[in-house]
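Have a look at the structure that comes next, please.
To keep things simple, chains are lettered A, B, C and D as they appear, and every chain counts its residues starting from 1.
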Amino acid sequence: MYRLVIACPDCVGIVARVSSFIAAQGGWLTEASYHADREAGWFFMRTEIRADSLPVSLQEFAHRFADEVAGQYGMQWHVSDSARKQQVALLASKASHCLADLLYRWSAGELDCGIPCVIANHPGHEALVRHYGLPYHCVPFGADRAAAFAAIADLLGHYRADTVVLARFMQVIPPALCDAWAGRMINIHHSFLPSFAGAQPYRQAYDRGVKLIGATCHYVTAELDAGPIIEQDVARVSHRDSPDDLVRLGRDVEKAVLARGLRAHLEDRVIIHGNKTVILD
Amino acid sequence: MYRLVIACPDCVGIVARVSSFIAAQGGWLTEASYHADREAGWFFMRTEIRADSLPVSLQEFAHRFADEVAGQYGMQWHVSDSARKQQVALLASKASHCLADLLYRWSAGELDCGIPCVIANHPGHEALVRHYGLPYHCVPFGADRAAAFAAIADLLGHYRADTVVLARFMQVIPPALCDAWAGRMINIHHSFLPSFAGAQPYRQAYDRGVKLIGATCHYVTAELDAGPIIEQDVARVSHRDSPDDLVRLGRDVEKAVLARGLRAHLEDRVIIHGNKTVILD
Amino acid sequence: MYRLVIACPDCVGIVARVSSFIAAQGGWLTEASYHADREAGWFFMRTEIRADSLPVSLQEFAHRFADEVAGQYGMQWHVSDSARKQQVALLASKASHCLADLLYRWSAGELDCGIPCVIANHPGHEALVRHYGLPYHCVPFGADRAAAFAAIADLLGHYRADTVVLARFMQVIPPALCDAWAGRMINIHHSFLPSFAGAQPYRQAYDRGVKLIGATCHYVTAELDAGPIIEQDVARVSHRDSPDDLVRLGRDVEKAVLARGLRAHLEDRVIIHGNKTVILD
Amino acid sequence: MYRLVIACPDCVGIVARVSSFIAAQGGWLTEASYHADREAGWFFMRTEIRADSLPVSLQEFAHRFADEVAGQYGMQWHVSDSARKQQVALLASKASHCLADLLYRWSAGELDCGIPCVIANHPGHEALVRHYGLPYHCVPFGADRAAAFAAIADLLGHYRADTVVLARFMQVIPPALCDAWAGRMINIHHSFLPSFAGAQPYRQAYDRGVKLIGATCHYVTAELDAGPIIEQDVARVSHRDSPDDLVRLGRDVEKAVLARGLRAHLEDRVIIHGNKTVILD
């Protein structure tokens, strides 16, 4: 399956132009979604094309599309082949629930990606990661945080990661790394953002006495917990729940939200526009 | 806004053909949704076109579309003008919560339709309906049910209703009336179908000890509570809730589900295929 | 039904002492709920006693309870008779959805209270309120806000309101009025607090790109939108939803959350402790 | 913590009698929940008592309670010590998601139990179970189903299981085994019961076109999928979801519902009454 994802200023005839181009190549659409943001005057589009319906290579298809269509409409676009799995590196700290959840889903075929390595600043996950037959690297965060992040950047390069998932990785990513991975680094924050950004969100939620707790999957930007939101969900809590109960109940929300957000990202359904996302399902 | 809704056997090039046709007329798409049902081999499409972008009348547009596109692909299709509001007749029995909810939403502009009349087999809603300035007809259901349904059919004809909503109307619709209004008569059933079809679903739910109750908005067919489902939702209940509590809690679910289902219908988002629906949002 | 609601420092034997006292008077418990907040070292209790099981008056029962039990444990407590309906004044501004919803629920017997009057700073709700046979007062908010609030305070006194509900009343309540009605003035805020306090929360939510919107029912305190939370809920939204769509979708959440919060308040299920609530169901 | 769980015909003074008895022993209640089922005229009660607040052994406490309280009220009751972990045997078939989820939760301390063994009629889970350091037994189901169930019964006896969890174990349990484990054998069914009992519930759900799918955690009885329901939940689906998508989306619901149901069971919060449950939280 080829996936063609487009964002451009809205105008008349875009769908016709794109779909005619695809049809002219012989392409069979199996999915197509659009969104016109009236306020922003911007148009978003995602199509899935059966790879075997195109007589040309992905490269040739992309070349022709750039030539014949994209330039004319000022499109930001990319096309990907679902047969080429993205490589997703996982970063974790002490908590293992998101890591274990993603590894299980991956092994069960729920996540259409490769996992080239797991990196953590905590030694405790080695047995878990080895159980899934994956490389595990422990990068301790001592006094020299810059060195630790440099080591992580090296590992990500070494393993040729396409996407990085912060599966409850509790170190603040330095701005340069945020920029280098813009749109490709996904975090799960354990609150319903923008409430309770920063440290100890469940404690903050407990102290405020909220009746629902939440989790937010978002792209990482230099401003902490403020990047484009991909997915959120909540769970009901009550006065009976201690801070530890919130942590426990929240784990299930975090796992579900991160998995859904990552899945959308892997299927090229997420388009970032400004500080928001369009999710074309 | 013109809305073009299409269902046809799936094949290559449908989107291109339709969108090129629209573009050739100068039409500006503001929304477009597709669905290809791989199991059924069937394709569904809904587009919204800015009325002021088309130099031709709706009639002429439809004529050309039939001629140039629809026949070739064996399409079931229709095009409607959102400026022409559907006329939705409401039928009720004793319970007023769905009726009152729809009337309020209508008066608040949430439902893009006219309400030509309210018909009930119970006298109690007259003041409510008059408050909204609408005609109210009470058709009692005594020994002669056929006569009562004939009276209702006459009223629906008299008021030129396009769609009928059974807003907790508790009489079983005769098959001939179901057929006459196929795809245009919407019911709210107070259970999560297919559980608890028929009478007293909350009592059934109470006796079974379920932990969630639900409501189902569906098109009416001759088989009771078995028509194509448009929308469903649930609410959590517990052992503390008596049958009366279930009735009370269920009312909120019924209101929300019926309003969402009707709204989708009014926006031409619902395509019936077999005994199921495709909701193109 | 008598409802006895207690909060006190936790220690051994409270339940035994209270329930023995009730049993000694011949009282039959029909409901009983407890909560021990381990972190705060505080104990909360609510019991319902069949009024006809007590041979003494409510006054006498309260007198004995104060004498024999409450003092010994340093209890904050009150006892109420469900046969004496609370009088709940409703305040509204331009938007009518919460007002209309509460009025309908009240007329349908869902809210166990009287509504002595509806006060608004907008003339538009008179017909609606008159439909329910209730007094309506329009208090315009011009240059002299203090005078307007004085007029409202007078009306609340005149109608002997026990509780005030701000059913989307969009004026900031002055601190003196907040204090006078502490624990008895309930607001619905159209966001999932603490996110998006203050003005135009749906616009804020739209701009942040959240994937869920919410509503919060809370007691009013002098600090805006920061009082003890009674109830919250959320609804899913997407990039397809405009700010107007958020407003529309949010209305349903607001109505449901306010009705549930008010109902809990009317049934004496809410105990305020610090800036949080315990909801004993 | 000692947990005292009681069910008996309702009458005046039960709470007082029980709590006075506990107080007389010096017991400190940390949690207490009650429910009076008015329709059934039955009373349910659960209390947690700090073990260190009682000067007597659990055995002595139980002996006295039987003597002084339970007989007089015709109580069905039991008392347990949370320090003595229940032993929960897990049974699985081919699908591993519920099994893997429970094992992870157990290892993370979310489930307060021991897992003496995992039994499956499929060889594929050995590595997973060994990763958690637990015994794994594969009991194939060939022609002689009776022999296979006899082997399972032997294993459950050998490992002294207190509770059995059917973590997507897809063999119908024979009536004698159901009876032997009445109230102690928990199943997760992959539908919102009573809809879609029996085989292939997701296929049934797909064919019916429901808009929500669900899962149900219930005690096993001789009648298939008809035992007392402990917990249920649902997830939203659409026309876009294939039968395989329903299976995938349903897995998350199944995992959550089973974990919550088992947790309630392990904390002695579930009282079975007739074919329903009271969950005292």
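Remarks
The rule is simple: a contact is a pair of C-beta atoms (placed from the backbone, for glycine too) under 8 Å apart; a residue touches a chain by one contact, two chains touch by 3 or more.
Just so we're clear, the structure is a prediction, and the values are computed from it rather than from any experiment.
Path length between subunit A and subunit C in the chain contact graph, taken as the least number of steps between touching chains: 1. Same-residue interface: subunit C and subunit D share over half of the residue numbers found at their contact. Between B-D and B-C, more contacting C-beta pairs join the chains of B-D. Chain copies subunit A and subunit B are related through a rotation whose angle, from the C-alpha fit, is 180° to the nearest 5.
Chain centres here are means of the Cα atoms, and by that rule the chain farthest away from subunit A is C.
Each chain gets one centre point, the mean of its Cα atoms, and the points for subunit B and subunit C are 36 Å apart.
Subunit B and subunit D have CA centres that are 41 Å apart. Each of residues 38, 240 in subunit D touches at least two other chains. Taken in their complex, subunit D has these residues touching subunit A: 96-97, 100-101, 104, 108, 110, 127-128, 131, 240, 248, 252, 256, 259, 281. Remark: subunit A residues 12-17, 19-20, 22-24, 26-34, 36, 38, 53 touch subunit B in the complex.
Within the complex formed with subunit B, the subunit D residues making contact are 35, 37-39, 192-196, 208-212, 214, 228-234, 238-240, 242-243, 275-279.
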